[in-house]
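Both complexes shown next keep subunit A, but they swap its partner, so subunit B is in the first and subunit C is in the second.
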Partner chain A sequence: MNASDSDEDSYNERTALVPAEAPALPSYTPAPDPDPPNQTTAKRPAASRQAGPVAGDSGSGGHGDSAGSSGRGSDQDADADEEELTLKYGAKHVIMLFIPVTLCMVVVVATIKSVSFYSEKTDQQLIYTPFTENTASVGRRLLNSVLNTIIMISVIVVMTVFLVVLYKYRCYKFIHGWLILSSLMLLFWFSFMYLGEVFKTYNVAVDYPTVAVVIWNFGGVGMICIHWKGPLALQQAYLILISALMALVFIKYLPEWSAWVILGAISVYDLVAVLSPKGPLRMLVETAQERNEPIFPALIYSSAMMWTVGMASPADAQRSGHETDEEAEQSGRGAEPESRQPRPFTDSELEEDRGVKLGLGDFIFYSVLVGKAAATGGDWNTTLACFVAILIGLCLTLLLLAIFKKALPALPISITFGLVFYFSTDFLVQPFMDNLAANQFYI
Partner chain B sequence: MNLERLPNEEKLSLCRKYYLGGFAFLPFLWLVNVVWFFKEAFVKPVYSEQLQIKTYVKRSALGLLLWVTVLTTWITIFQHYRAEWGEVGDYLSFTIPLGIP
Partner chain C sequence: MTAAVFFGCTFIAFGPAISLFLFTIARDPLRVIFLIAGAFFWLVSLLLASLVWFISVQISNKDSATQQKGLLIFGVVLSVLLQETFRFAYYKLLKKANEGLLTLSQEETMPISIRQLAYVSGLGFGFMSGAFSVVNILADSVGPGTVGIHGDSQHYFLSSAFMTLAIILLHMFWGIVFFDACEKQRWWAVAAVVISHLTVSCLTFQNPEYVGSLVPTYVILFLMGVWAFYSAGGSLRNLKLCITCKDRDFLLANHRPR
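And now, the complex of A and B:
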């Protein structure tokens, strides 16, 4: 099977998604917001990268009650309340994101460890990494991996910019179509491959009709849940699964050294794209905020459903959520707090459905890092170390989000920690532990 | 998507669409329908659209049961007789196990 073509397509779409998302949203907390800062900015958890348009709205991020009471209370009380609420919500969001990120990584690691297909080295490479790593000298190999990275990152940059341009000029249909094609490919083709490999690993006979029914159901319900309406838990589950599938494809088809260099380069790109004023992701988020539209709900993992009283309909939120894959990926990469804006006139129905949003691209790259560690690292020490590193990075990112209240890139801190832990564990801790065990020396 | 927030007509419409969608060889959709709307149909206090939602949930459950029976039967038959069917068995197989049974 020529994997390049299919991979390429999905890769196109996925990389678009993956690239760092969430440019920092300066206007996340509405600057000219007339409401007293107590009720608006303070309440809003800063953790979200994707400052969705909803998030950008004023509205107390915090409970409606608090908003009311803080408005009435003294400034100092309100401040203290806000701080507390921010931190409390920040902590809750961290937990809310730990679970999906962990689940995604668990799926990837379990697959890598059991299905040998995904860790077999193949000569087939993605078209985005044309330089081979089977070279004689170390220097040549290093050069090839750097060149591969440059090509990959440029592809990502180009697609991101393309996406932002499309979004700016309101080519929603194109974006929509692209997104649907991309998720179709993931939900049907990749899961078909995955299922085939799992069956081969466990040596069971399966017939075509059964497989057809299973894949059709899985993909069909997935499309409905992600792109239309469905139970939130199921949608989250599907997003986690497609992120895991994508990560597995990356792990299989990216050459060894290139993968690590790409991980590093993409964190840097994420940082730049999200935080710099002309960064494509930042522009994307700002545009979305101006237009008061949510950003690509289909490609962002959201831990709670947004429900803005006063929004036209839930369908709107989801429709506009389908932004191009790239955007989704990009937005996926940001972590974004979602806050509901209670409308002043519906006090009785105020709902604080705070959630945090994290871009799918972040899921994918976290899983790629842990998966690679599981596939090529020493043993479970390395895998666990990378896992812990990524979670710590995520905590820190969310903490920063709570402090800065802007869209932030979720990749850099986690990936840096992950890389550091991987290399140090593999080359320092592993031999150390082995020696200790071999010599029966317990510390 | 939180069902709590939807007005009743929309709940009914959603349930109906899921029910109709299941006819496209999507028993999983029926399963989702049953699980998702179970509380709405059987646990919540009565409201006007509830009766219709109940019908849809019941029919989805029925359709799901039918599909499960058909699939289980087919899989059992296939697993049992695959080796004996020879060529046809291989033609139908997506993956063929290695080794000697």
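And now, the complex of A and C:
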């Protein structure tokens, strides 16, 4: 019996970072540019892992600062302030992504280390990785893992192309139905399994009615928060939890060597799909930009905060407030303005911070890497090294995003660093540190 | 070996460092990023040192214990030298980045000063160094077992925790002194930092004679702390003003009434 497949389409997401359109920076304007702030690359269908766009908006910071001094209209001053604020806002966006990525990894590592179910060897495999790794020779095993990778990546490519086609022909209902189905499965079935394993580990006897009530509430609130409206913190928490659940499934069911090769291959695929002119993800981004609408906001982690700038009219406030609020657009009804309470207008200009977005696929693969590092061998040094490497990769990616200001894949740099550090720490650093610890030498 | 040992040793080893992080670094995203970058640089230096050690072990005689121990000592010395080299490299990188930002913004104010960077990068080095030294030991202390059952010292966990605490704080002080010395081109101070790091590491060769290794380490820690305090601009007068809450600049900067 293989695990269900419609969830496994999850990895078909794009992992991409897309900057927001930086609004024009005049010295004094009452309203910011209400362009669609979140250029999202295409979302992959099915389960929650979507690669999403990250809107790193640094330009709006300068607005608040330069607007105060109406006399200084010079570009230089605006640039100067913009640079300093760019650095500060850039740093804030990086931290706004560090925290959820760290949380997801912590959940995965904590589960792997305590619940042995997810690190047990199993003969069940996903249908996407049919070749077994229990072979006699090393060469055969390597061949099998490469074949598994090829199958997995082709499935991903097919799904992505299918999604692009669906999006191009405006089959929104189909896509939304697919997304809802996959998050249903994640929120109810996988979390039920997870809860069961946790109870088994700690030897807690719980009756079915209690579990039914708990899962029903958890899943119901999750569906509402993710696909409709809910407090931002709760939505973020649910997205982190479902990414962690998906990563745990991958860690359990992907065979050892296949997992590493798949991680490498999917970074390459991500790079190609987002940057090359005919890449499916790039086409999705461009289509979305042409139509001037955000794409499938349901499965993207968003840390958007919004404070309106002091505006002349409530209409502006509502319009701008609507644009930057993802939840408003998740009902699938396009750009339907929803009634928002008008914010208090003050004379002092407040900054509008659009926050950043990162696709859930990125969360999942980062967590798979760190979780695999934690699962194979009881070594914490490797886990720590991979963790730091991934964070630094994310930092560099966001730096590149600030420089190039276009859609960027979030996986390649982080996964490369992570893989390099995993293998080198496991083979080189670990024996060294073990010897040092045995003699209690300190470096 | 119980939860008490685990929690006790964890808090001994990481308590001061985590409180420093929470109170001074966690609020400012830029500092957090530079802390993690510092940790990354330390990691890379460790990687290189391990690579060299690994190669030397492969080509050596694996049966001879004295040779292995000699190689390990060589590895320790090499690792210390590489760490300090990477500290210098990080300093150069930060200076370049600072200069670039300064020319770009054409303003005098930088979002983060080189002294703050010294503190943060030193702490980053310290966190990573401490974590790599002690995390596996802490993980083992949760499980069942008897310490020193074969005649080794029974104070293994406790001494490891105290040593880790000293190392983390030392890295922070070394960072401050090192960057300050590089700023003022005082190469003797840089050499002193390197030598004190070597001294501390070589003192640990005496383990499990903990008196011989821990006590001098803490003495060096205290001295480096005083040196770092003075090189960061502190003085007895500042200290007095700060403690009696009369330091006007500090209060103004933090918007607190006197």
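One rule holds for everything that comes next: the second predicted complex is superposed on the first by the 321 of 443 C-alpha atoms of A that agree within 3 Å, B and C clash if a C-alpha of one lies under 4 Å from a C-alpha of the other, contacts with A are read in each partner's own complex, and residues count from 1 in each chain.
Everything that follows uses one rule, which is that a residue touches a chain if its C-beta (ideal position, glycine included) is under 8 Å from a C-beta of that chain, and two chains touch if they have at least 3 such contacts.
Owing to the predicted nature of the structure, the values given are computational and were not obtained by experimental measurement.
In this superposed model built on subunit A, subunit B and subunit C occupy separate space and fit side by side. Of the two partner chains, neither subunit B nor subunit C is touched by A:Pro277. By the document's definition of touching, neither partner reaches A:Pro130: not subunit B, not subunit C.
Touch counts on subunit A: comparing subunit C and subunit B, the chain ahead is C. When both complexes are overlaid on chain A, the residue A:Pro431 reaches subunit C alone and has no touch with subunit B. Once the two complexes are overlaid on the shared chain, A:Phe98 sits against subunit C while remaining clear of subunit B. Looking at the shared chain after the overlay, A:Tyr442 reaches subunit C, while subunit B stays out of its contact range. In the superposition on chain A, A:Gly177 makes contact with neither subunit B nor subunit C.
Residue contacts after overlaying the shared chain place A:Phe421 against subunit C, while subunit B stays out of touching range.
Annotation: superposed on chain A, subunit B and subunit C show a minimal Cα-Cα gap of 20 Å. Contacts of subunit A with subunit B, set against its contacts with subunit C after fitting on chain A, share not one residue.
Across the complex, subunit A meets subunit B through its residues 196, 199-200, 203-211, 213, 216-218, 220-221, 224-225, 229-232, 234-235, 305, 307, 314, 351, 353.
Listed in rising order, the residues of subunit C touching subunit A in the complex are 29-30, 32-33, 36-37, 39-40, 43, 46-47, 49-51, 53-54, 57, 68-69, 72-73, 75-76, 79-80, 83, 101, 104-107, 109, 111, 128-129, 131-133, 135-137, 139, 156, 159-160, 163-164, 167, 200-201, 204-205, 207-208.
Only residues 1-2, 5-6, 14, 21, 24-29, 32, 35-36, 71, 74-75, 78-79, 82, 92-99 of subunit B touch subunit A when the two sit together in their complex. Put simply, subunit A touches subunit C in their complex at residues 76, 79-80, 83-84, 87-88, 91-92, 94-95, 98, 378-381, 384-385, 388-389, 391-392, 395, 421, 424-425, 427-429, 431-433, 435-437, 439-443.
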